[in-house]
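Chain naming follows the written order as A, B, C, D, E and F, and within any one chain the residues start at number 1.
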Amino acid sequence: MPERRFVSQLANNEQVEQVFLASNKQLRPNRQGNLFLQLDLSDRSGTIACRMWNAGESDYRGIENGDYVYVEGTAQLFQGAMQVIAQSVKRAEPGEVDESDFMTLQSAELEALRERLVATLKEIKSKPLAALVDAYLSDDMFMDKFCRAPAGIKNHHAYKGGLLDHVVSMMDLVKAVAPMYPQLDLEKLLVGVFLHDSGKVDELEYERDLAYTDEGQMIGHIVQAVCVLDRKARDAEQRSQVAIPPVLLMELKHLVISHHGQTHFGSPKVPMTLEAVTLATLDDLDAKLASFTGLIKECPNADSRWTQYFPNIDRKLWKGV
Amino acid sequence: MPERRFVSQLANNEQVEQVFLASNKQLRPNRQGNLFLQLDLSDRSGTIACRMWNAGESDYRGIENGDYVYVEGTAQLFQGAMQVIAQSVKRAEPGEVDESDFMTLQSAELEALRERLVATLKEIKSKPLAALVDAYLSDDMFMDKFCRAPAGIKNHHAYKGGLLDHVVSMMDLVKAVAPMYPQLDLEKLLVGVFLHDSGKVDELEYERDLAYTDEGQMIGHIVQAVCVLDRKARDAEQRSQVAIPPVLLMELKHLVISHHGQTHFGSPKVPMTLEAVTLATLDDLDAKLASFTGLIKECPNADSRWTQYFPNIDRKLWKGV
Amino acid sequence: MPERRFVSQLANNEQVEQVFLASNKQLRPNRQGNLFLQLDLSDRSGTIACRMWNAGESDYRGIENGDYVYVEGTAQLFQGAMQVIAQSVKRAEPGEVDESDFMTLQSAELEALRERLVATLKEIKSKPLAALVDAYLSDDMFMDKFCRAPAGIKNHHAYKGGLLDHVVSMMDLVKAVAPMYPQLDLEKLLVGVFLHDSGKVDELEYERDLAYTDEGQMIGHIVQAVCVLDRKARDAEQRSQVAIPPVLLMELKHLVISHHGQTHFGSPKVPMTLEAVTLATLDDLDAKLASFTGLIKECPNADSRWTQYFPNIDRKLWKGV
Amino acid sequence: MPERRFVSQLANNEQVEQVFLASNKQLRPNRQGNLFLQLDLSDRSGTIACRMWNAGESDYRGIENGDYVYVEGTAQLFQGAMQVIAQSVKRAEPGEVDESDFMTLQSAELEALRERLVATLKEIKSKPLAALVDAYLSDDMFMDKFCRAPAGIKNHHAYKGGLLDHVVSMMDLVKAVAPMYPQLDLEKLLVGVFLHDSGKVDELEYERDLAYTDEGQMIGHIVQAVCVLDRKARDAEQRSQVAIPPVLLMELKHLVISHHGQTHFGSPKVPMTLEAVTLATLDDLDAKLASFTGLIKECPNADSRWTQYFPNIDRKLWKGV
Amino acid sequence: MPERRFVSQLANNEQVEQVFLASNKQLRPNRQGNLFLQLDLSDRSGTIACRMWNAGESDYRGIENGDYVYVEGTAQLFQGAMQVIAQSVKRAEPGEVDESDFMTLQSAELEALRERLVATLKEIKSKPLAALVDAYLSDDMFMDKFCRAPAGIKNHHAYKGGLLDHVVSMMDLVKAVAPMYPQLDLEKLLVGVFLHDSGKVDELEYERDLAYTDEGQMIGHIVQAVCVLDRKARDAEQRSQVAIPPVLLMELKHLVISHHGQTHFGSPKVPMTLEAVTLATLDDLDAKLASFTGLIKECPNADSRWTQYFPNIDRKLWKGV
Amino acid sequence: MPERRFVSQLANNEQVEQVFLASNKQLRPNRQGNLFLQLDLSDRSGTIACRMWNAGESDYRGIENGDYVYVEGTAQLFQGAMQVIAQSVKRAEPGEVDESDFMTLQSAELEALRERLVATLKEIKSKPLAALVDAYLSDDMFMDKFCRAPAGIKNHHAYKGGLLDHVVSMMDLVKAVAPMYPQLDLEKLLVGVFLHDSGKVDELEYERDLAYTDEGQMIGHIVQAVCVLDRKARDAEQRSQVAIPPVLLMELKHLVISHHGQTHFGSPKVPMTLEAVTLATLDDLDAKLASFTGLIKECPNADSRWTQYFPNIDRKLWKGV
């Protein structure tokens, strides 16, 4: 295999003959009734639009969103944005794919993050919290999913390992912030950070294309996480012979369910403990910084000091001079 | 014991020497620094205000909200409302109390409601639903609590057995309504009705005074019910050897978590199935009719065609002519 | 005439030579400046998109939305949805049209619904209510319009006779529900159901295309209905020599004006009587079930368990497995 | 009769022996079980609190809100506010009352306002508008009520004749403003001003105490006014043999129903014509200026540059230096 | 130069060879990968869409939004709207442009408005207000910008001189309205009108294309105006040796910052003085009348009595019959 | 002087003869018309209610809120809370007061905080930021006020020096958090923290009683701070001969005006830069933690695991077990 040209490296009129991750496929007509295939091609460096003229139902059916596809075509600059005009788009053979080209976080990075997560959690001294955490850490299937899951399907941390990345980042945050407020219980906060988005393991589909699972849409990661926590608490007691006080379990559940901060963001209860307020606020900070940084970085508006207007945050962002 | 005079029967200047249920006790000063005890006295017919002049800390500490208290005093009409001026208020001896005087629903009524509940649920034909229901019905501790719990601490169905009353009433409703909409699955709806408020068993404290439990305030009956449902589903599979399809369990959880209809009423998800819309709307109807009927009935404003203004529903109610 | 092929029956590559109901016509350019005509074709089984290439202003002006049009062309599958590519689209001759092909409810069904409506209303025993109802029932022009009007221009019951369908469905609902709540006055409720949307008779234009009338947009069916009720009450008194008590008339007007439940849905007053709460809630239930059932049924997303996201209800709907 | 001392003139320790208008009567206990009567005493200059110690049910029942009462007692300064400590409070004899002492607007002022109203309306040149206006002006019962009605029960223009005062003030406003915007139809605006609050004639009870009528609460002055307008339009056509175009009547109804500006203020439709926007905005201006001026004038906080905080307008007002 | 054909005069198939103001340029592909240039062409009579087929990056880069461009092409009626199909679009030479063709307000009109503004402000008798106003009036750079600035970039008064036009119009309004409310201080109001939008001088970019400046987006005209006012007050004191009382300056700042009426419209404080309420309400009236009148006038929907639906005002507007 | 007994040390029936800070004085009647004086007494350890029976206008007028008062009386336990029943309450002589008894932060603590503030700011390396900061630091009057001002009049940091305390606490926060997000500019953030609440220096009155100044209520600390910043920027340029780039000044102003996070909290613009999002979120965190910690600590509900319900945060807080 020749060396890969990443999406972010493609130059005008450059030939393209390599594998990408496909998404958002659409078969659309032009006015003459001729169909063309439109889709997005990604690798870990970014995403680029692709069109194949004179395509048909069989081209459309031949690939699925989430497939690795082998594309032959040409990169073309169009109105300031690069796109690929394809001659062919086919499902790639397994041997053609180097998964590391498609992961924002490389295996080694993921591994390092996982180690930092585990190391931080292993330092917890409270017996019941340690027992509980251990019930999660020793569940290999859970941990594997936890370390591969994204934290969302768009906006912030929407990539494999994004959940782990977000959780480790927030652990750093609470370790920096909690010492300034002696009234906060750092260990509860760390467990809260570990668990707050743990329902995303089941809320999201991330083996191929990022999407919500049925249960993710109908129940949501907040309630999913609490159900798992309920089970893990009983497992932990059996495994460790350490009693987990009901009040402690209640406080941990509260950390999970209140972390969206307000009922209209889907939290059935607002934060009612100091740790819950802290978790919800720092989660908001980490998510907003990751998301806004991404919006600024990916802004196609190269000439302007401003990004476009984003309806979901009801504002433009200032990119600076 | 002489025959009881119920709260609703007390007449002006009538002597009072009997047992009541105490709540809302307060020790308050008058302007001379003399303290008086103020509390509410209830039986199944209603509630009346009571004051004991020249009381002290020991009087206040001598009784708890939720206690049965023996009161000696006089009923007095004051500004159109009856109140009791007490000479003494003491904790009652067990032998002095006839519990049936304090229950909105009598044991026989509760028993009848329970039988109707069970009969309805026993008719369910779907194997997984029947297995699941059976796991609840055969849990005596759950069922005992379910049949004693209120449906709230104020407003609608705020009395022991109120949850059962509300659930049976809603079962009648869905049995009447569902046949008109063939697209609805009656059995799912019935199980949804049974479970939607089942978390109130743990959300509320009702052995003595009605109140929220700590967990009720921090987690809420919606999430509490889903955690129990999660466990019961596994129990049911083990007990019955009938598989409960994950999709079915998901739909039942959705019925529970969406039944407040909107996120700002504490539902983490809005109704997304036909049954969930139906359950949320009929729950709203039954609760509003019970609550508004109560507000109209208990309105002290005897001269007026209108009740007072109620801030929580942002309106007055028309009592008619 | 050959037997009709209904919209829902059309197969890929099938020749089409028959009459449809036209709506949403648009003349649009392609990039070469060539125009094409785009419109929707309906019959009682559903709606299908249609395009005629190389059309001109005269084609566009030759038909009106709401016209029956004779179409020659071919059905073609395109991206999972059927469409018609037309060679010609012309206004149909009256003799070519069988109106029953275009009515969701057939004449006999409409007649049966009307009979059920009248029968229910004729059973009202209250003299003033009966007199009032009679003033409507004996107004042939009103009743003709009432039985042809839709209940909306999109969403629920948006077809000729939809208002009648909705009203009879709600009468069944209140007859099933009211007996469970003895505090409700069934006859007032039935008259409220009959009248609540009666302003739609004038709010909507439904002789041809469904649309709002000018008065419908500026005044709205709620106020329109009250003005008519005001007149009918006086007619009824004169016709029947039965006095309609002002308080009763007031309660009926209140049923009408409060039936949207909240001021920001256009009700100038919120429900303040038990009947008004019941009517508003059951109206919401019947409308939501009709609308959501339609959205699920017409969902073009055949592969998915979910409908698309609908912004006006801010959710996707679960279609099930 | 000695010369009246108006409420605004009463000085500390001054003897009081004269007639007032009573409102807000309450019988309240002190901590010893002794009752006292509390009420407000008004005349056209303002309102003052009054207490009579050691009162009983018979004192409370002996007067009604809205009665003229003869009071004997003493004015006393208490915490910066004057109050009356009464020895007796009795219903006044008709001969003791000079109604002009209790009217914000004197008969002559009311008469002058009425003349200005009529003169302005008589100048309308449009035949249909003139015919319609004439149907109101020649209805003596309507006009009598119109000229006595208040415009509210608290806040702005809450006194007999307040509606007339508000309407004449707004007529002056639109006559001043309309010439600057040639796109506005002044005559439609004037009729809109005349009619916009005409439902208050029936919404409010003002023969004695100011209050909402039953119909005012259940239907509201907006819908009440449209029903009357509907009738008057038909009367006008019969009386004058001038046709009132349906579109004109529709626009006038729209002026009435949209004049609260937003649905959550009870308007079933928002303003959709230039005249409706103008009417709603100027009504808001006139009402706010009248209300805020009153709040500043009656502010008991003599030492401060600020009024107290008013929750209904969510602000304090600046009184200036 | 031949006589100009204004945008509003162009007829079907008419040859076009003259200068326009360009905006909203876009380079777009058709389905064959051929690019076309799309832009809007304006003069003082209105705006028309323009397309040039087979354009390229150099055509797109050759002009800027806000440029005067020389266009050769043909006017064509398309679906009821006129458009220009261009053969060439080039930046115009200065000698080809007659600026008066592009100004809604002609120089003489602007001059007259400026004179009216100055005359009104010169009549102010209060010494501190006069001194303050003089500090603005004698600042030539400020006044030049003030008289050229628009009042917005879309909706109301979005043209050069629009700010001046809006301010003079509002001065007329307050001069007509204030005499009816003796409690208002006309001179404070006039200065408030003069200053309320003065921050738009810096908030908007209007030398070429209308746009927000960076500071306009990040700080906003309200805060910008207060900063300038702060400086001008000190200048005024130095120039005139008249002290400007801090309370007066505070009230003027309050007039500026509260003139949007509500915090969610960007006012950091709601109006708390009578003048502030008046200014905010009349500003709303003048802006709405200008904006709605424009929406009705420019409505392309010639056949309908209604404009299209406008999401930002959440309504259609009635154009009348 | 005998050693002070702090508010938090007073025991039941203890004699009290010392100085307190008075606030919330009220003269109130009992039912017999006898007046009593009610006020709050504070020192740095907390606040206690006080009543003096049989007081008069002269007692009430003899002291002002914010005065140091010498109180003779007795501490009494009443319903779980301590109060003082006073025999006399008189303005204290200067010699009787030891100011350090009344300061939450002692002079040495304040001095230390000030040194930390200055040290942090002195480390700023950016020339323009350093110049700007220096213009503030070298303004002794500003710095004196800055170091004495509270951060609010109730809730969080409502004590002299509270602003300084809050700012230093937030500087620690941003120094801990910023290194985790390399995209943040720490120096801009530090200056933003320094300035964000600097308007409170003028918004609040804190020489005696805490209150809002007139300008604080009418303009608000956000706009006040920007006006000062505007002046300081020019001072800084003159003092230092370092140009402050307009874009930098704009970003700093934006940090100030957007720090309430949302328009309905009084920010005229929402945060549009990464630093602004960070500042607003961490300000929210620090304020909530200070406020909630205080609410929990001062909760008089000693028996309960919950605080009372607080309407302004719409929740109870969990105090734990």
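Here, contacts are C-beta pairs under 8 Å (C-beta built on N, C-alpha and C of every residue); 3 or more make two chains touch, one makes a residue touch a chain.
All values derive from a computational prediction rather than experimental measurement.
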Graph distance between subunit E and subunit F, where chains that touch are linked: 1
Chain at maximum distance from subunit F, centres defined as averaged CA atoms: C
Selected from C-D, D-F or D-E, interface repeating E-F by over half of its contact pairs: C-D
Centroid spacing, where centroids are CA-atom means, of subunit A and subunit B in whole angstrom: 43
Separation of subunit A from subunit F, taking each centre as the mean of its C-alpha atoms, in whole Å: 41
Centroid distance [mean C-alpha coordinates] between subunit F and subunit C, Å: 61
Multi-partner residues of subunit D (each touching 2 or more other chains): 30-32, 214, 217-218, 247, 251, 254, 272, 316, 318
Inter-chain touch pairs (all): A-B, A-C, A-E, A-F, B-C, B-D, B-F, C-D, C-E, D-E, D-F, E-F
Contacting residues of subunit D [partner subunit B, same complex]: 26-33, 35, 57, 60, 214, 217-218
Residue ranges of subunit F touching subunit E (in the complex, touch as defined): 214-215, 217-220, 222-223, 226-227, 230-231, 246-247, 250-251, 253-254, 257, 263-269, 272
Of subunit D, residues touching subunit F in the complex: 30-32, 34, 36, 53, 78-79, 85, 305-306, 316, 318
For the subunit C and subunit B complex, residues of the former touching the latter: 169, 172-173, 176-177, 180-181, 183-184, 247, 251, 254, 270, 272-274, 277-278, 281-282, 284-285, 288-289, 292-293, 296, 314-318, 320-321
